[in-house]
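Two complexes come next, and they have one chain in common, chain A, joined by chain B in the first and chain C in the second.
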Partner chain A sequence: MLVFLFRRIAAGAVLVVVVATATFLLLNLTGTDVARNVLGETASRSAVTAKSHELGLDQPLVERYWHWVEQAAQGNLGSSWFTGDSVNQSLMDTLPVTLSVVLTGLLIAAVLSVALGAAAALRGGWVDRAVQFAAVLGTAVPSFLIALVLVVTLAVQLGWLPATGYVALGTSATDWFRSIILPAVSLAVAATAATAMQVRGAMIDVLRADFVRTLRSRGLSTRSVVFKHALRNAAPPALTVIALQFIGLISGAVVVEKVFGLPGIGTLANSAAVRGDAPVLLGTVVVTVGIVVAVNLLLDIAYGWLNPKVRVS
Partner chain B sequence: MRKTVAIIGAGLLTATATACGGGTQAAGGDKTLTLAESVTATPWDLAKASMGPEAQYYQPVFDTLIRLDSKGEPTPNLATSWSYDKAQTTLTLKLRTGVKFTDGTALDADAVRQSLLHTKSGTGSAAGEIQDITGVDVVDAHTVAIKLSHPTASLLSALGQVSGMIAGPKSLENPKVPVGSGPYQLDTSATTAGQTYTYTRNPDYWNAKAFPYDKIVVKYLADPTARTNALLSGQLDGATLNLNRVATVKGRGLNVVTYQPGDIEGLYIWDRAGKKVPALGKLKVRQALNHAFDRQAIVKSAKTGLGTPTTQLFAPGEDGNDAGLDDTYSYDPAKARKLLAEAGYPDGFSVTIPDLSAMFPQEQAALTQSLKDIGIKVKLDNLPGDQVFSSMLSGKYAMSYFKLGAPTVWDKVQLQLTKKSTWNPFKYDDPKADDLIERIGKATGAKRSALFKQLNTYVVEQAWNAPWNVIANAYATAKDVKVTPQPGTQYPPIYNYAPAAK
Partner chain C sequence: MTAVEFPPAPKRDGLVRRALRDPLAVGCLVVLALLIVASLAAPLLTGYEPDHSVMADTLAPMSGSHPLGGDGVGRDVLSRLLYGGRTSLVGGTLAVLVAFAVGGPLGLISGFYRGWFDAVAGWIVNVIMAVPAIIVMLVVMAAVSQDLNVAMVVLGVIMAPMVFRLIRASVIAVREELYVDAARVSGLGDGRIMRRHVLPVVIAPSLIQATQVFAVAIGIQAGLAFLGLGKASQASWGAMLGDAFTNIYNAPALLVWPGAAMGLTILASSLLGNVVRDALGTAEPRVVRRRKRVERRAAAPVAEAPADRLLTVAGLRVGYPKPGGDKTVVDGVSLTVARGEVLGLVGESGSGKSQTAFSVLGLLPNEAEVTADRMVFDGKDLLGLDLAALNALRGRGIGYIPQEPMSNLDPCFRIGSQLVEPMRKHLGLSRAEARAKALELLARVGIPDPERVFRSYPHQISGGMAQRVLIAGAVSCDPRLLIADEPTTALDVTVQAEVLDLMRSLQQEREMGMILVTHDFGVVADICDRVAVMQKGRIVETAPARQIFAAPEHGYTRMLLDSTLEGGPARGDLRVPDKPLKEVTS
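After this line comes the complex of A and B, so read on.
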């Protein structure tokens, strides 16, 4: 198990390095005049040259890359070229926002998808058809559209919830919940749709299994069969899908954060990409890839724990 | 399981009940002014500061030497009076006494000297505005003399904006917290860098009555839709508005002001000497381009009717503006084709222009179509947003859609009409224009205005560009907040906001 773990961690670390290097090269080979962008269109040429020197942009590419790697290896992701803010601090400020939305969205998706998937499998008939239709609709409608509809109706028209902004959990739990519930629901719709269909399929398979028939023949109630045995056996494929949805939700957060004006990692990456703020963009890429690697690692460990055959592959 | 569902359900009910009971907090109700900015702040070193929209981040904490009134005219602030010497190269300012920075240091002549020279040493556009300063002399404890390399008409205006903000002498280099003598101070406990900046009253401020709000919150909200939604739901007291949302926001009862900060939009011809595209070196071709645009239709469709059609460089109200010049080039595609033929281009010519559809879809469409209508073969070059400025400045394009503005007319001239100007990427040089600009630099009063008019007329006649309109900005405020826009600035300064009757 330890060798298996070590291999997975090493592979994850290599992935982070490869992605970071590729991002660094992409950002530095675009020919963008960063110093001009930092100073604005009205700055003089001499000011732009001075800024270029200040940012170290007149250094050779390899030297700049090595400097970044050295700093990053010590946990220092540098500072924004535009604001001078520490990238580490910016990530610490923005990551809780994104994780709040994504994890809440994931929780909503998990609860709803299990309920809907199980109901569809158990009831069949019109309930099944309704869940399947809703799942197709939920997958087809983009999250930003759901976000726009939610913000216009519930925030702008009815005034029940805030249209934009984020309140930290430490400041007020209620306000935190109110600030993230609409974005979380926007993200949860597609994830719920995808996972509910997995739960439905797995439940139908399990309910048809011999052991369920045996349990029923021994006189166990439907509730007991469903909750104690069928759902537990149908859970692994659903858990896999949910874990993968987590990664999808992080990328979906970029758009949803924009609609709700949330200062999350998506907004940070977006504004850094538009301006060409390489240190910030590199920092967000490294952290996001790190999260993806960590989630995959946890999934691998779970698989390895469930199925020893996976550990040797 | 049932218990878990019950807990989640209770949580949802509580949150919704709170939401229904309290509604969204009225942003201006508790004498708090909450504003949205479309750009992030660059705190807090004035040497790195910009003159543009981000000024609202600095205004609460840093006071300016001079206050520009709602017409853009200089009035006393930290400086109570000022005068130029005969040569117009020394500006002597008398400073207000008894003013202190928020760290307790006295604001005296030496502090002003240090702050101005520090800002000037920087690379921000605020530094760029005061590059003509050669030194600042301390005359006595409350008098400074600013020395200039040559007469600089825009200095007083610059001293009323970010360039003239004064920071505490102990906090000039890369300060973590701003130390100024302004009406407010930064509340670090309610501030999240890059996102939300909260300012509370500076108890020692000398002119508190000019600032009716106890607290100012400036939020960074880049997305225009998010800004509008926040305004409509009562989370904001003020924000800029896209022109196509003006009717919606007005319909919801919010206050909307439209104003013209002086930016001129249209076809900017960078290659006037015809180095890259020889046709553009011919006056008749450039005049033909001016006849190609239906300015009224562009303002009506692309600008929702907001904006003033023009063919000149200076906006109404600015020195040198001449209403008569706006009739110079009527919309006349037939005449444009005739002029092209006379210039030796009966079948038009080919030109590559940047495709700015991602940022300015309607403007780009109007430009491309109008050029095609007079027989010019347009090749659109697609480029990422962060390369737009650098590509244009490197001389990659002979002409393009663009808009330019500056706090003063003189700044406008310096920005684009001299050989050294930043926005003269092909280094076009015209001795007659140079001579006029040199004379403007030395002139004052009516003589100066007349020279600005001469320069404007010459540039229009020579068809240096093909302007379309003076841009209109829209700014919306909550029902209980009124704001007065200011000439030359994109966002109104914080002292122009006041409570209004609902």
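After this line comes the complex of A and C, so read on.
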């Protein structure tokens, strides 16, 4: 188990480095005059040269890359070309917003998908068909379209929940929840749909297993057979899908944050992308991939914990 | 292994015709056809350029000159909707083409040749799949180009892993079919094998995948445009949504057109994929509704049975609904078991003996249709019992010993907890009492280290041990009847005799009745008092065991006996009665 974990951590680190390098090269090989962009069309040539030197853009690419890696390894992701703000600080400000939304969405998806998937596998008939049909729709419709519908109906028309803005958890737990519930739900739809289908399939397989018949032959209640034994056996494959869905949730969050006016990491990445602010964009990429790796690692551990064959060896 | 008959690739026209019978499919095709027509005929349908802005038309209402009104900066909504459809269609198609152009060949090569190429490709695919797509698109649009079409080409690359995985998996599946090896041996080149055997299998799932990639691409493209990325001159549904969103309080209706167009297109595309899947018969398995209880066929009165009668089954029928009419697997079986009697239920595989045994416990699959004239256990009518009453009887009144020990223990729970749970339920024992009794039982069934096995998971013990654990579980709540389904078939020969001895001694010590399902006359000779021989769902002969061996009446019984006993005496002759149990460590 320890060796397994160590290998996963190493693989995750390699992944972050590879993605960071690719992003760095992509952002720095385009040949646009960054200093000119930062200062605007009217800036003098000498000012542009000075700015270029200040940003270190007159250095050779390899040296700039190495400098970035050195700093990043020490936990410093540099500062914005345009505002001079520390990238670390910007990420610290925006990350809680995105994580609130994404993790709440993940939680909703986990709970709902188990309920729907298990119901479809157990009840069969029209429940099963309804869940399957809803899952096809849910996987297909982009989260920001759902977000738009929710904003227009629940927030703008009915005024039940705030349409925009974020309240920190530390400020007010209720307001925090009210500010993130709609974006979290919009994100959860697709993840719920995909995971519910996986839970359904896994449950159908498990319910056909020999040991389920034997458990039934011992007179255990349906509740125990289904919710204690079958669900526990169906959990590992469902976890694998949830891990994949997490990446989709982060992707969706980038657009959904704009709909709800949330100052999250997606908003940060988006404005950096529009301006061409490489250090900020690079920072967001590294941190997002880092989070994906971390969450996958946690799910791997959960997977191992759920599976005695991995845990006890 | 026998040669595998591979289903021929479905005929294209057959598929289309089947799909066209489904109104849902027709609806999807109509939506997609509309999209294509609107994109091609946009210049004919509207006189406005999509990016031509007139200040006076800002948020203009619907009118003759602007059928759908004007948007937030005075552009014609209809024109933008039509040209936006063009952007979506082109973008989605680009993504699909690139995804298949990149993922398809790589998947083919990876799946066909495996080796280092497969390893490298698999690693790259994992890297790509670990990065959120939209973040990559932001980077690319910031670094390379603001053109949405360029973004869609990149998206195609990002989605290529999905295609790669699908194609690779299909190719590996085909590759492992014997006939590909046969084709190779007969001298077909790799290229021809791929064209002839691999491509036909890959086409159908690829079609489904393509509809999914198309739908996702349109959604992501709209998301990017909604964020404000993309060239201003490129009309798109996403940009329209973005414009409508800024006017959400003034003109929320502006959201409707691009939202509906996009939603419909995406739904049509992915539902079409589903229809194709259904038409191909590769859909998810249907779940049959929860089974009804066993039906009483005729209102037969429960006749008075002898006092030592434990189980009476009369006129049992089990059938499974099949497309061409029901398939009957048990056809009017009647049998009885007295207290303390061991009844052997013998027959070839497929004779219906296991199905008979399961129906007594109510453990047949949901889709089975079970009827009987009478089914009485220890004075209690089993017909029409609800699940709660049945559960009170299972384990407590009737114990069950399965055939395959390793697959009949829940792999996720410790053996101890699997033994303790039924005892706590049926006997109302406390945790400690149940634990003590479980340890006692484990020792009784001949497990050398009960404490260790109690703490173990099923994968940590041997098959012989697991079967002893299952026997302990079956007798744990002191049932009056045991149903054993080929309890020794899956075990090593050395273990078989010991497990059989154990069952015999437990049965005698507790005076349990037993139905022993088996195809092995050696087992019958060992332990059965009476034998019922089954053939094709019917009982052809019932007689005391001794008589069956001495003077079999039915031809089928004689045939079975000849085929099992030829070349040696029955194992029963070799058995030393009351031999002490050996500990099994296999």
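The rule is simple: the second predicted complex is superposed on the first by the 284 of 313 C-alpha atoms of A that agree within 3 Å, B and C clash if a C-alpha of one lies under 4 Å from a C-alpha of the other, contacts with A are read in each partner's own complex, and residues count from 1 in each chain.
The rule we apply is simple: a contact is a pair of C-beta atoms (placed from the backbone, for glycine too) under 8 Å apart; a residue touches a chain by one contact, two chains touch by 3 or more.
Since the model is a prediction, treat every value here as computed from it, not as a measurement.
Visitor: Give one of first, second, both or neither to describe whether A:156 is in contact with chain B, with chain C, with both, or with none.
Guide: A:156 contacts both chain B and chain C.
Visitor: Could you look at A:276 and tell me whether it touches chain B, chain C, both or neither (first, second, both, neither)?
Guide: both
Visitor: Looking at chain A, which partner touches more of its residues: chain C or chain B?
Guide: The larger set of chain A residues in touch belongs to C.
Visitor: Looking at A:47, would you say it contacts chain B, chain C, both, or neither? Reply first, second, both or neither.
Guide: The first partner, chain B, only.
Visitor: Just chain B (first), just chain C (second), both, or neither: which does A:10 touch?
Guide: Touch partners of A:10: none, neither chain B nor chain C.
Visitor: Per the contact definition in the header, classify A:92: touching chain B only (first), chain C only (second), both, or neither.
Guide: Neither chain B nor chain C is touched by A:92.
Visitor: A:259 contacts which: chain B (first), chain C (second), both, neither?
Guide: In the superposition, A:259 touches chain B and chain C alike.
Visitor: A:164 contacts which: chain B (first), chain C (second), both, neither?
Guide: Only chain B is touched by A:164; chain C is not.
Visitor: Quick one: is A:144 in contact with chain B, with chain C, with both, or with neither? Answer first, second, both or neither.
Guide: Second partner only, chain C.
Visitor: Overlap the chain B and chain C contact sets on chain A and report the shared residues.
Guide: Residues 30, 148, 151-152, 156, 163, 258-259, 270, 274-276 of chain A touch both chain B and chain C.
Visitor: If you look only at chain A, which of its residues touch chain B in the complex?
Guide: 30-33, 36-37, 39-45, 47, 50-51, 54, 82-85, 89-90, 93, 111, 148, 151-152, 155-156, 159-165, 174, 177-178, 181, 227, 258-261, 263, 267-268, 270-271, 274-276
Visitor: Residue numbers of chain C touching chain A in their complex, please.
Guide: 126-127, 129-135, 138-144, 212, 215-216, 219-220, 222-223, 226-229, 241, 245, 248-249, 252, 255, 259, 262-263, 266-267, 269-271, 274, 284-290, 361, 363, 365-366, 387, 391-396, 398-400, 402, 404, 407-413, 418, 421-422, 425-426, 457, 459-460, 470, 473-474, 477
Visitor: Okay, in this complex, where on chain B does chain A touch?
Guide: 1, 5, 8, 11, 14-16, 18-20, 23-24, 40-43, 45, 48, 50-52, 123-125, 127-128, 131, 174, 192-196, 219-223, 225-227, 229-230, 232-235, 384-387, 389-390, 393-394, 406, 415, 422-423
Visitor: Quick one: in the complex, what on chain A touches chain C?
Guide: That would be residues 15, 18-19, 23, 26-27, 29-30, 120-125, 128, 132, 136-137, 139-142, 144-145, 148-149, 151-152, 156-157, 163, 197, 200-201, 204, 208-211, 213-222, 224, 229, 232-233, 244, 247-248, 250-252, 254-255, 258-259, 266, 269-270, 272-276, 278, 281, 284-285, 288-289, 292-293, 296, 306-309, 312 of chain A.
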